[in-house]
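Have a look at this one.
A, B, C and D are the chain letters, set down in written order, and residue numbers restart from 1 in every chain.
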Amino acid sequence: MKPDLTVNFAGVCFKNPVTVASGTFGFGKEYSSFYDLSELGGICVKGLTEKGRDGNPPPRIAETPMGILNSVGFQNPGVDLFMETELPFLKRFDTRIIANISGNTVEEYRRMAEKLSDAVDILEVNISCPNIKSGGIAFGTSPESAAAVTHAVKQVSKIPVMVKLTPNVTDIASIAKACEDAGADALSLINTILGMKINIETGRPVLRNNTGGLSGPAVFPIAVRMVWQVCSAVKIPVMGMGGITTGEDAIEMFFAGASLISVGTANFGDPKAPLKIKKGIDDYLIRKNKPSLDCIRGRLETY
Amino acid sequence: MPFHLCCSITETENIAQDQFSIVFDSVKLADFVKAGQFLHIACGDALTLRRPISICDTDKSLVKVVFTVKGAGTRWLSLRKPGDMLDILGPLGNGFDMKGENLLLIGGGAGVPPLLLAARQAAALPQFESVTALLGFSDIGKAILLGDFAAACTSVEIATDDGSLGRHGFVTDLLKYRLNTKRFDQILACGPYNMLRIVSEIADEYDIPCQVSMEERMGCGIGACLTCSCKTKSAGKEKYSRVCADGPVFSSREVVWNEA
Amino acid sequence: MKPDLTVNFAGVCFKNPVTVASGTFGFGKEYSSFYDLSELGGICVKGLTEKGRDGNPPPRIAETPMGILNSVGFQNPGVDLFMETELPFLKRFDTRIIANISGNTVEEYRRMAEKLSDAVDILEVNISCPNIKSGGIAFGTSPESAAAVTHAVKQVSKIPVMVKLTPNVTDIASIAKACEDAGADALSLINTILGMKINIETGRPVLRNNTGGLSGPAVFPIAVRMVWQVCSAVKIPVMGMGGITTGEDAIEMFFAGASLISVGTANFGDPKAPLKIKKGIDDYLIRKNKPSLDCIRGRLETY
Amino acid sequence: MPFHLCCSITETENIAQDQFSIVFDSVKLADFVKAGQFLHIACGDALTLRRPISICDTDKSLVKVVFTVKGAGTRWLSLRKPGDMLDILGPLGNGFDMKGENLLLIGGGAGVPPLLLAARQAAALPQFESVTALLGFSDIGKAILLGDFAAACTSVEIATDDGSLGRHGFVTDLLKYRLNTKRFDQILACGPYNMLRIVSEIADEYDIPCQVSMEERMGCGIGACLTCSCKTKSAGKEKYSRVCADGPVFSSREVVWNEA
């Protein structure tokens, strides 16, 4: 019997739990030459800002042990151009579109949410990007400001609002709780962890932005811990990410409590990583004779 | 449309100090590749990112890459043996645009290999009258592919930093000299950033169209992650282009060069 | 010319900057069968508590991508027995001894400091262990409590006091500053990052303690970033650690501002890792023609 | 005193489903090793921790290990070929204490290999009258080292979970039967936790001294990091002992067994 991979996530039906993570998949076009994007549960598009942004100067990427640092800094065409030129292509596929938005002010978040709220399936409110000075992470590091952004977006959004949390905090559960209390329909985590790499030949940082966000397998155990902490603290569903590379990794995330997972850095190593992960999930459920993901989601039995 | 391929290595060779060639079998790549395009090669389980390496040559179904060992990735590559498999994305990027009748190729160090395929593909086109290659190396021990270039080009000149082979000095010195003696329709350049910047200045001075192959650190290699930026301008507006997808070959006038 | 590797660290002279990290090197005995411990700049001994502790139930260790999780939980004989039975052996070597102490109350820290302050070279005040409920990390996550512990230990200590910081915080620089203001003579960082690994066959955590502390190469870019942030915020010297495995890693740490470095997890892969790292530092200085570490320490030229 | 060695592999073999043997050359190890001791083996650049593997046999300067592929580390080991080098710490741990005249060895699955060296070392001691081995496997496809045990022991009996070889059932059933028919001075046991717990109960019942080789996840492997704990008691006091340095062999009465 084929396991049932569908997920009802904050009222939106996903055909399978595998999404691709914002910023690692562009607007889907490039990866569509490797496989049919309709195979994905959903696509979190490249982070959008209200006006287009050029992004940070290069180098923007560095490799670290089992991870990478990036400092792209929201190079994107802005919400309007996204809706005009990128979204129509994505709409051709039978998959959920999640728009990832970042603002410098609460007002900016609100305006972006208004524009996008008819156009996509879920809004992912990014309050966690470590790569730009204002906006992003500043909102994500205190429960109050996280709640303020959530509240503002919820006021105008007609679609579910998912808040993306930063791992660069002392107590992620309290921030998750604040977002839930402010009306968030779902949470996604983790964004990248602030890191640095130094070129010892030049005595300068490898990244032109000095620091960057760490992602990839290296952060996976931190991500699992945080997803578990957050799922233990809130009732709303969680999209888990951070270093997921294999089907087994995804299963760990489900045990920790995630309803959906998102694949980021792993796309760089293997363009078809999301499909292999999907197959890995399927294989696991078959092998363990579990009819659906409900049988494992949040079922971690702690000591 | 790039492929995701698993290719069998047929030949490996340590061709000069820290420099290696790998030949592998792939009809798909060999048939479709354009000079200046590159491959994104997975370098073992311990490394998260693939490594971009240009295609140096093709021969029927065989594809050759030539690379310098710089760090962990290229070291891993250098340890491959015939029969081993390579996990490859490619062909990637735009490649050189071949125009005009007299072509000048200028390459420095690890930038030399892709120019070989450019020379061969140019020589095979009916419109080309001459293909001249100017190649720079730090010293004679690092000089590579000399025989291949000699066979593929109308003329080849060498410069080494220490004078141990060819002219003593930079390859960009050879360029000036050459441009003074002959008219070229097109320059194709590949090599270190500073070399490319100077080539670009000289090309401007002599008003010759010039294409440069840029290098930048890469994530996806296919245009999705926006990590491999190069600042370019068009119609007076500056923006970040993607070396992997909009490049690696840019018109030298498009590139916004950093100060020396 | 042989580069000068000596370091004056908070008034204590270290013959070289390479120390071994608390908890990974026991009390030195085991590693002394691989090399002469006098080769080391210093030894941070296994974390001590006032009374002996049994530690957490096993399993206590799990492997993650380029890292490990541990949940040892301060198995140690207690301060008195340490001084009686372990210290004499360590004293036979020409190297600096750093006693790592953890308490449940400020008073406990003070009493331990009193006992040890004649016996060793530096006190490392651990306010950052993620593996025991009370004590440790509770103190390390707020500037106020970090300052309180520092202040109490400083009042009684006759030797330099180095406070060991946790990376599990939103703003490590503010905690570093609070310790400096409270009189700390030096800082060490990073301790481990809280993580989790799940056994998908059993649906239970791999570690009996559910979570554990992540260390090893995976955390290195995070450690470098934090050392850099802390060194930019304080004037007291810093011992950098977290994933250091090669001489090149150590050089990165020096550029980021560390005066000493400490080698932890790398000992497990290669018992002689500290000596190889020392040689790597030496080789780098020779190759770069730098007479001493002063020429690179904190010399990172940021963009 | 453990050594840190780099040893050359002379032979590898896939001896049963998912089970491999590797023979390598090391006079130092071969000369010093005691049955029950183990090696801490580095399994490639991608893995942070070494893997503990028992010594299965020695022959002059050669050392043999036999292991089951469980995860990434043992998979890496299984791909080694003659001529490859292994980075090894060892010999580690205390090993079995050989006492008495009639020795009973009982092993299950991946716990079988170290008992071979125990059998051989016992057989070489003058005081031993008999060495009996009881070996349990899940099925005939997993059974290993049968010929070696037959050569080294006075008698060998097999049990398989599915009855495909020897007695149908657990090896602990064989144990009861044996103890009813013959008197033994010492039991040496190695295998899964639950098997060891039951062996320990039976040994208590029959009042025979029993040594068990315990497994636990390890960091340093030499006693420094305290990650490999096993709860033990002595003089009524419980504490955590280090499997790597205080063990892996413990008296079965010393171990504080978890509930089933």
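Assume contacts are C-beta pairs under 8 Å (C-beta built on N, C-alpha and C of every residue); 3 or more make two chains touch, one makes a residue touch a chain.
If you're wondering where the values come from, they're calculated on a predicted model, not measured in any experiment.
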Set of chains adjacent to chain A and to chain D: B, C
Chain B and chain D, separation of their C-alpha mean positions in angstrom: 56
Inter-centroid spacing, chain D versus chain C (mean Cα positions, whole Å): 36
Distance from chain C to chain B - Cα centre to Cα centre, in angstrom: 46
Residues of chain C engaged with two or more neighbouring chains: 64, 66-67, 216-217
Contacts with 2+ other chains: residues of chain B: 46
Overall pattern in which the protein chains touch one another (line/ring/star/complete/other): ring
Chains grouped in pairs wherever the two touch, ordered by label: A-B, A-C, B-D, C-D
Chain C partner contacts - residues on chain D that touch it in the complex: 1-2, 4, 42, 46-50, 89, 216-231, 238-240, 245
Footprint of chain B on chain D - complex, ascending: 44-46
Complex contacts: residues of chain C adjacent to chain A: 64-67, 69, 141, 168-171, 193-198, 200, 202-205, 208-211, 214, 216-222, 224-225, 228, 243, 248, 251-252, 255-256, 284, 296, 299-303
Chain C residues within the chain D interface of the complex: 23-26, 29-31, 33-34, 46, 54-55, 57-64, 66-68, 70, 72, 75, 216-217, 265, 267-272
